[in-house]
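Two complexes come next, and they have one chain in common, subunit A, joined by subunit B in the first and subunit C in the second.
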Partner chain A sequence: MEGKGYEANLEERSPMLEAKELLVFYENMIALNNVSIKCEKGEIVGVFGSNSAGKSTLMYTLSGIILDIKFKEEMRGGERISVFGKILFNGCEISSMKPHERARLGIILCPERRRIFPESSVLENLLIGAFLSRKERKENLDYVLNLFPRLKDHLKRQGGFLSGGEQQMLAIGRALMANPKLLLLDEPLLGLSPYYQEIVINGITQIRETKKIGIIVTEQYARPLMPIIDYGYILENGSSVLSGTKEELMDNPDVKSAYFGV
Partner chain B sequence: MEQLRKERVDRSLKVRTEGLYAISSIEEILYLIGPRLLFVAGILLLPLIFEAAPYWKRVVNVMCAYALVAISFDFLSNFVGLVCLGGALFTGVGGYFTAIYNRYFSFPIYLSIPLATLSGALFCTLVLLPALPLRGVYFAIITLMYPLLFSRIIEALNVLGGTNGITGIESFPDPYIEHYAIILPMLFFLFATRRFVNEDIGLVFRGVKDNDQAVRASGINVTLIKVYAVFIASLMGCFSGAYIAHMYMWAGLSLFALDFSVIPIASTVIGGGGTLIGPVIGSFILVPLSEILRAAGTLRIVIYCVVLTLFIILKSEGLMIYLQRKYHQFERWVKV
Partner chain C sequence: MHILIYGIINSIALSLISLGFALVYSISRVPNFAHGALYVTTGYIVWLLINKLTGFPYPLAILVGIGITGIIGALIYRLVLIRIRGMEISEIIATYAIGVAILEGLRWGGLRGMTFTLPVFIPGSVDIFGVVVDYQRLVVVILGAATFLFLYFFIHHTRIGLALRGIAQDERAAMMLGIDSDMTAILSLGIGSALAGFSSLLLLPLGNIIVEAGYSVLIFAVAVCITGGLGSLMGTIVASFLIGFAQILTDKFLSTHYQMVVALLAIILTLIIKPSGLFGKQKELEERV
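Here is the complex of A and B:
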């Protein structure tokens, strides 16, 4: 199922992000089993899978949050998390880097369930996101507000009082304020109505077109995102069972039944 | 390249003892009750072991009194989610109540301690009531302030003996009664709370800690649940305070001292929160340690702090959680 043309393309230049043979154990349970994933500059990579497929773990591993969870679990005597594998970002090995160091390199995670700061206003939320790129914060702010004009009306409102859709826009906006080179979106459509899903998806496409950054997006239901991705992976129980370009995935009968509801 | 991962596996003995079949062999029965038996027997024998050192026999009593306050802290913070910074409130209230009953109403000791425990717990629950519907730091702050408040009231109004305290409280008739008057209730409360948190209402308590909105949505009055929990915790604290008052034959402002708030918390950290036995072990380490350090004079607190900090850095999970893991599981390297 590997896309041959895509593989050939990759050999010419090394990809922006390349994760090789990621293995993550939560105690003795394997959460990611030999997952390799690549993301190019200006490319949207979709990662699809049902619950417990390992999507969030993959995002935590790429963004480094897993190391933080691991440390906290160790301190309180909980589960032991073991992480193996290599993550290369622009050719540099980053697998042992802390999450904040990875964020400085430009790998920004927009976490699942949004995790906005509920007691700060929308504007403050965005400015917190801009902490790493204070010089460009004016342009970035304009950019985000252009991307999601709805946020403009609520700049002074507390983040926690926004609707779910607006909170998602805010979360993506906050991630964008940090000037990402690689944007990790963990289930950005979670709990959104079709109307808001469309706004968010349009936003993601626009980001790709204007910023030319790499975007990795995870989702359970592939249909709304499929049109905009360049390359997709399908995770099942921690292993990557299929990967291919949009067309290849859409032609696969298993994928059709499992992720499109056809 | 070969990668190795350390794997934790349950001991076969543990797996075998999980079902009813546990009673099929002596080995398995021992595996289950051995540690408990050892712990209970060890504590019961403590006064006899220290027969040769009369000073340390007193320390055993103090140890158990602190352990009881520590259990109440662990119960409140790790099972109900209420961080109580005021163990001193419970001990102080219990101590003064028993002093009032014993001195002013001339109740005998076997009446004044239970009465003080019950009425003291009721009193503590009442004064803490305003903070219970709220979530967040309010409960912690109010429990921290009350001991100060009460000791200042007693000092300023010169009631209940003022700064001198209430003296001449009846002492225990016999040193062995004195020992077992704290050891037995301590063991009782320890195993009772351990059982209690696994009963139905205990599950609700833990639910309140994790997500009180979900508990409310299940049709349960969260404030009432918290009232029960605070009452149970203050029972333990007040008993401990009443006991100390009778042991020293004196109820003074030092019953409201910060020690009774801080040492139980530190014991819980060292012993491992959420195990209930951990705090007991923690106070069995900390109280003797602080007695030994008396020789160091002012440096006592410094050494004490260093020990605590080291514990938090090196074994922040707590002794008990570490021991439990080692007892039930073993580790081995496996290829990834």
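Here is the complex of A and C:
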């Protein structure tokens, strides 16, 4: 019942991010097949699926990185990538915008495998993240260090020498420095111990509560994130096979067996 | 003493020559083989300004020369390299072709036949521990050191510099944070070319402006960058000192024309012993999963 009311709500307003019928091909292989996804301000949306389900492709498409990949492949005479579909952000069509232009609008991707700047110190990583938000730099830095106090102890250390969990905190912190309105987290729990998973998950919840921004988070394994998401999508071989609120997904027998191992 | 003082001077001169090349490569991964051509171009532009326009002040000519070279560098990226970005072989061929075109264009356009010289900044010389050093060489040392400090500050402590550092380390990750990769590449080529121009104006008063300098400067820059490790500014400076002193030693004990052999030998030895160079990217920094 709670879920129904929520869905009705989504239909009425035009959401902050709305991607319609995304189609992405790598040569003849379909990576995203008619995927539509919405994300509202202050909402956490989960996208779950196994390897090669299209999660990262979806994130690259939303953030525009796919256009850069496409351009470079074309230049090299490599794989032909085709992207179709509409992406609306606050009602504006952004699907032909470059990644940095989308970042300027507030769509910030925290990529899979973190991609920390390895030779820069932790502090420098964060400052590079503040490229778009010079004025609020100090404020954002305090916020990030408050959110992940562990980073405080390593400010001078090279990013490449941090442990995986610390790198993940740093990657999320770096993305937050850019003042995101929509934060895309691509597999933030990848390879993390349960201890760090919990820190990251708590961090995500805190970001939602304090910043009131939209967050889309992908993961292979749904269980750790299920408690914090508002709405979820399940991708299989590039198609969105199921979507619904947390409760709807948890009640679905197929989801239970496939993603919770029950 | 002579070896020490001239070694330092020669090393700083070498690092000035190579710094622009290293900077462009470390930021945008473009090997700018037009570097030597831009070096000569700046010298020739300034020569034209002060000799063909009577009364054109030398300092202003220097600024104009460096500015024009910077713009040429930026245009090379904007017009040509932007289309072949990421294909190293094409980048080398394209920039080398542009470099040869510029150099031979200059030769055709008048840079031949007579001796072209630029005036020194401060005439005269000074005696340091019994070694005679002219003021121009001291200017090279002082301004060279100032350039390193300025560049270090610029890259680590300004917004644009940090953006350049981000792009240099992981282009796509930087894009995700709102940094425009084409803009930074244009900027890096502009700065790198301006540095080539700057070094030429410091060094050319010590000799003549000749087209061939474009080729040898390129080889020196490549030798220094390969020895130091491509993409590492620290390595560039260390390698400049190694090769710089080696050149002065050969100059002293063998003969001056072995200088080029030293540079080429440095390339070959580095590629045999440690292909990634002294400060090349280390494996230990690879991502951890």
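Quick note on the criterion: the second predicted complex is superposed on the first by the 255 of 262 C-alpha atoms of A that agree within 3 Å, B and C clash if a C-alpha of one lies under 4 Å from a C-alpha of the other, contacts with A are read in each partner's own complex, and residues count from 1 in each chain.
To be clear about the criterion, a residue touches a chain if its C-beta (ideal position, glycine included) is under 8 Å from a C-beta of that chain, and two chains touch if they have at least 3 such contacts.
Worth saying up front: this structure is predicted, and the values here are computed from it rather than measured.
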Subunit A as common anchor, with subunit B and subunit C clashing or fitting: clash
Partner chain in contact with A:M75 - subunit B first, subunit C second, else both or neither: both
Touching partner for A:R115 - first (subunit B), second (subunit C), both, neither: second
Touching partner for A:K152 - first (subunit B), second (subunit C), both, neither: neither
Most subunit A residues touched (candidates subunit B, subunit C): C
First (subunit B), second (subunit C), both or neither touched by A:L190: second
Subunit B versus subunit C as contact partner of A:F84, first or second or both or neither: first
Which of subunit B and subunit C A:K138 touches, first, second, both or neither: neither
Overlapping segment of subunit B (options 95-103, 131-139, 167-175 or 221-229) - the one that collides with subunit C in the superposed model: 131-139
Contact residues common to both interfaces of subunit A (with subunit B and with subunit C): 75-76
Subunit A partner contacts - residues on subunit B that touch it in the complex: 3, 5-9, 272, 316-318, 321-322, 325, 336
In the complex with subunit A, residue positions of subunit C that touch it: 83-87, 156, 159, 162-163, 165-166, 169-170, 172-181, 284-289
Subunit B-facing residues of subunit A, complex: 23, 25, 27-28, 75-78, 80, 82, 84
Interfacial residue positions of subunit A with respect to subunit C in the complex: 63, 65, 68, 72, 75-76, 98-100, 103-104, 108-111, 113-120, 124, 127-129, 131-132, 134, 158, 160-161, 163-164, 167, 174-175, 177-178, 190-191
